[in-house]
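Handing you a structure now.
Letters are used for the chains, namely A, B and C, taken in the order the chains are written, and counting of residues starts over at 1 for each.
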Amino acid sequence: MSTVLLYALTGTGLFTLGLYALIVHAHLLRKILAINVMGSGVFLVLVALGGRTSGAVPDPVPHAMVITGIVVAVSATALALALLLRVQAATGRAELTEESRE
Amino acid sequence: MSVAGRRWRFLLFRWVLILLLLAMAGGLGYALLSLPDQAIGLSEQVGTNMETSGVQNPVTAVLLNFRGYDTLLEMAVLLVALLGVWSLGAAEVHRKVDPEPVLSLLVGGLAPVMILMAGYLLWVGANAPGGAFQAGSVLAAAGILLLLSSKRYPVRLMGWPLRVVLLLGLGAFTVVGMILLFVSGGFLQYPSGLAGALILFIEAAATLSIGVTLAALFLGGRPQSGPYR
Amino acid sequence: MRQIPWEVMLILLPLAGAMACFLLPRRTLLLGLITALGVVVCVAGLGWLMLEQGAQRYAVGGWGAPLGIDLYADGLSLLMLMMTALVGLGVSVYSIGYFERRQAALFWPLWLLLWSALNALFLSADIFNLYVTLELLGLAAVALVALAGSANALTAAMRYLLVNMLASLCYLLGVALLYHNFGSVDIAILAQRVEPSPAVWAAMGLMSAGLLLKSALFPLHFWLPPAHSSAPAPVSALLSALVVKASFYILLRLWLEIFPPAGAALGQLFGVLGAAAVLWGGIQALRQTRLKLLIAYSTVAQLGYLFLAFPLGSTLAWKGSLYLLLSHALAKAAMFMAAGNILHFCGHDRITDLDRVAQRLPVTMTAFALAGVSIVGLPPSGGFIGKWMLLEAALRDGQWWWVVTLILGGLLAAAYIFKVIGYAFTQAGMLRQTSKVPMTMEWAALALALAALLLGLVALWPLSLMEIGLPFGGESGG
């Protein structure tokens, strides 16, 4: 199996692992970390498969896409972490609880 | 339902989930294995258009020239995240605790070096790996270190100067795009001689913006001054 | 007309407006309103241009696909842009009276960035660019929900954010598979190059899963009722009317252009889930005790109707579904605005304690009732036309079971709408303090509700607009 394929399969493996962790864990910080793992998996797939070019230089478009993706993921994670702190302050627990009556 | 029944149902749910996810992973793996060995990507087109792009680094060319519109929207995403964090409440005032001597020493020595490094990364992005986002991240790290040791190195940027710096990246990109609309007839269509200079200008503004935005995100809330009081 | 690139203006103007509002918070109301009017003018300009010259394609940066990013406007995008402009104008006027100064300083930049994201999304012809616009849209929506500040709103916003991030990542993985299989992210080029292969099946599954999660199709709707009900009223209007429709639009585009080898099975699955959404949402809406939650579950039900077009697949079905989408946007925005007025007036939104709101807020209740007419699907309203077209498409195709769904859904909607209206006429047990509701808020709600009704009278014009560029394939008419 070529190196490219190995990296790409690792990426999908990370995606699956992250999805499992996202569904199973209740604590919000774990969920946020799980999403970051999934994101890393997707970026790995993008970049790895871009290395299948015939020359020495890999395809630059997936690299640019991943840079954009990382910035977007960082922004979303920052918002998620700030929200996590406020949810903890407001409800006392860092978990997604059912809506309270009133 | 009894405790044993609940536990059994919980384990069943877990195992069904694991099976479904394994099936999904298998499907994805099969899809990956079926991809052709040689890519039919865009590297050729990027290669042939590199001379008119204004930079030598193909990733920077894609990011700031060919697909610059994506980067413009991405700067907006950063801004939205900051606005979102600001809408949650006020930033906690850091207790002015004496920082450890190690931290003070490191910050005093590291912060200027990091700022210089950010400038270098910005400059070298035209020819080698580097560019606005990489430089902006290093700048943000320097900013966060300064914030962490705020007793020794107070950081004061608030009110409308703060908002101007936050908007610098997106604003520069939009303004340049609009001007080019009238000058060369296309949105973000760089004239061939000026492309490199314009890209550097946009990247410089973006570096400042990204650095300050990421550091402000670290604070976790809006500033307690001006219209947000 | 061609001198002014209306597509670019549609994206840049709200962006510039958001930056101006952020920079000058003391003038934010004026700047926001000017931007809203400007965007409406730009949509009119684009529509005028397209009526003369047909569908428009704009190559950003002059590069053109596949190297660069293209903006593409056909009848479908124009319809979505007009819907966004109309609802956006109504919500802008409504928000002038709704927010106090400190919240308004953050609401307007966020709202204008959301508008820019919507316009960019409807005009994009590039699946990776769609990912970035989806993320911009999602983050802005989450920030707007969290603006309410209550514990429920924060929890709902957190859940919404996690759902958004998950859905976007599934979509992005699909984009990765499509790019690495066919070498482009441009929709038109992919439409030419695509052929059935495991990577396409995987990409289709992933992207559909992500987009269905964002469109809140049953059973992936769990995040919607808390988020839409605990947000501030104008934000609820925006979310139900516009934001959930954006991911539906992307799914529709992919389905029509890139996924034709999908086969009937997935379409039937969408239809079944849609029918389940209609019934489940309707039943849940009946059970609610709070008005905003009722309206949120009504959104879940109405979104189910949109997916009934997938198993039918004819141009008539698509047009019916889109007409329902359009009327629902106007009617649901009006409903949420009315609910916001009631909440402001009574201090609460418990349905059983509405205390003669019909007599004391006549404009608001009229708006609610008229919007309800469109939601139930009674003539004359846009909802009626949309349902009629779907009915006809189902009967023509011989799939009569969707007809049952449409009728049952209409009955459930009538039940929960009349429940609210009934309580609005009754007197509550205790008398409470009331606060005055600004006139702009009441009349904005009424204006949008009337627009939903108007859609039932002038159906031919929007339907013919959808034809520009033949987004549904070669045949026209039907």
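Couple of notes before you dig in:
Methods note: a residue touches a chain if its C-beta (ideal position, glycine included) is under 8 Å from a C-beta of that chain, and two chains touch if they have at least 3 such contacts.
Bear in mind the structure is a predicted one, so any value in this text is a computation, not a measurement.
When C-beta pairs in contact are tallied for every pair of chains, the largest tally goes to B-C. Averaging Cα coordinates per chain and for the whole protein, the chain whose average falls nearest the overall one is C. Computed centre separation for the pair chain A/chain B is 15 angstrom, with centres defined by C-alpha atoms.
Computed from the mean C-alpha positions, the centre of chain A lies at a distance of 27 Å from the centre of chain C. Multi-chain contact residues of chain A (touching two or more other chains): 12, 15, 19, 45, 49-50, 52, 61-62, 68, 72, 75-76, 79, 83, 86. Among the residues of chain C, those in touch with two or more other chains are 128, 132, 135, 139, 142-143, 146, 154, 173, 177, 179-180.
In chain B, the residues that touch at least two other chains are 28, 32, 35-36, 39, 41-42, 46, 67, 70, 74, 77, 80-81, 84, 88-89. The touching residues of chain C, when paired with chain A in their complex, are 128, 131-132, 135, 138-139, 142-143, 146, 150-152, 154-159, 161-162, 164-166, 169, 172-173, 176-177, 179-180, 226, 230.
Chain A contributes residues 12, 15, 19, 22, 28, 31-32, 35, 38-39, 41-42, 45-46, 49-50, 52, 61-62, 65, 68-69, 72-73, 75-76, 79-80, 83-84, 86-87, 90-91, 96-97, 99-100 to its touches with chain C in the complex. The part of chain A that touches chain B in the complex is made up of residues 2, 5, 8-9, 12-13, 15-16, 19-20, 23-24, 45, 49-50, 52-55, 57-64, 67-68, 70-72, 74-76, 78-79, 81-83, 85-86. Note for the complex: chain C touches chain B at residues 5, 8, 12, 15-16, 18-19, 22-23, 25-26, 58-63, 66-69, 101-102, 105-106, 109-110, 113, 116-117, 120, 128-129, 132-133, 135-136, 139-140, 142-144, 146-147, 149, 154, 173, 177, 179-184, 197-199, 201-203, 205. Contacts from chain B toward chain C in the complex involve residues 27-28, 30-32, 34-36, 39-42, 45-46, 49, 65-70, 73-74, 76-77, 79-81, 83-84, 86-89, 160, 163-164, 166-167, 170-171, 174, 177-178, 181, 184, 186-190, 222, 226-229.
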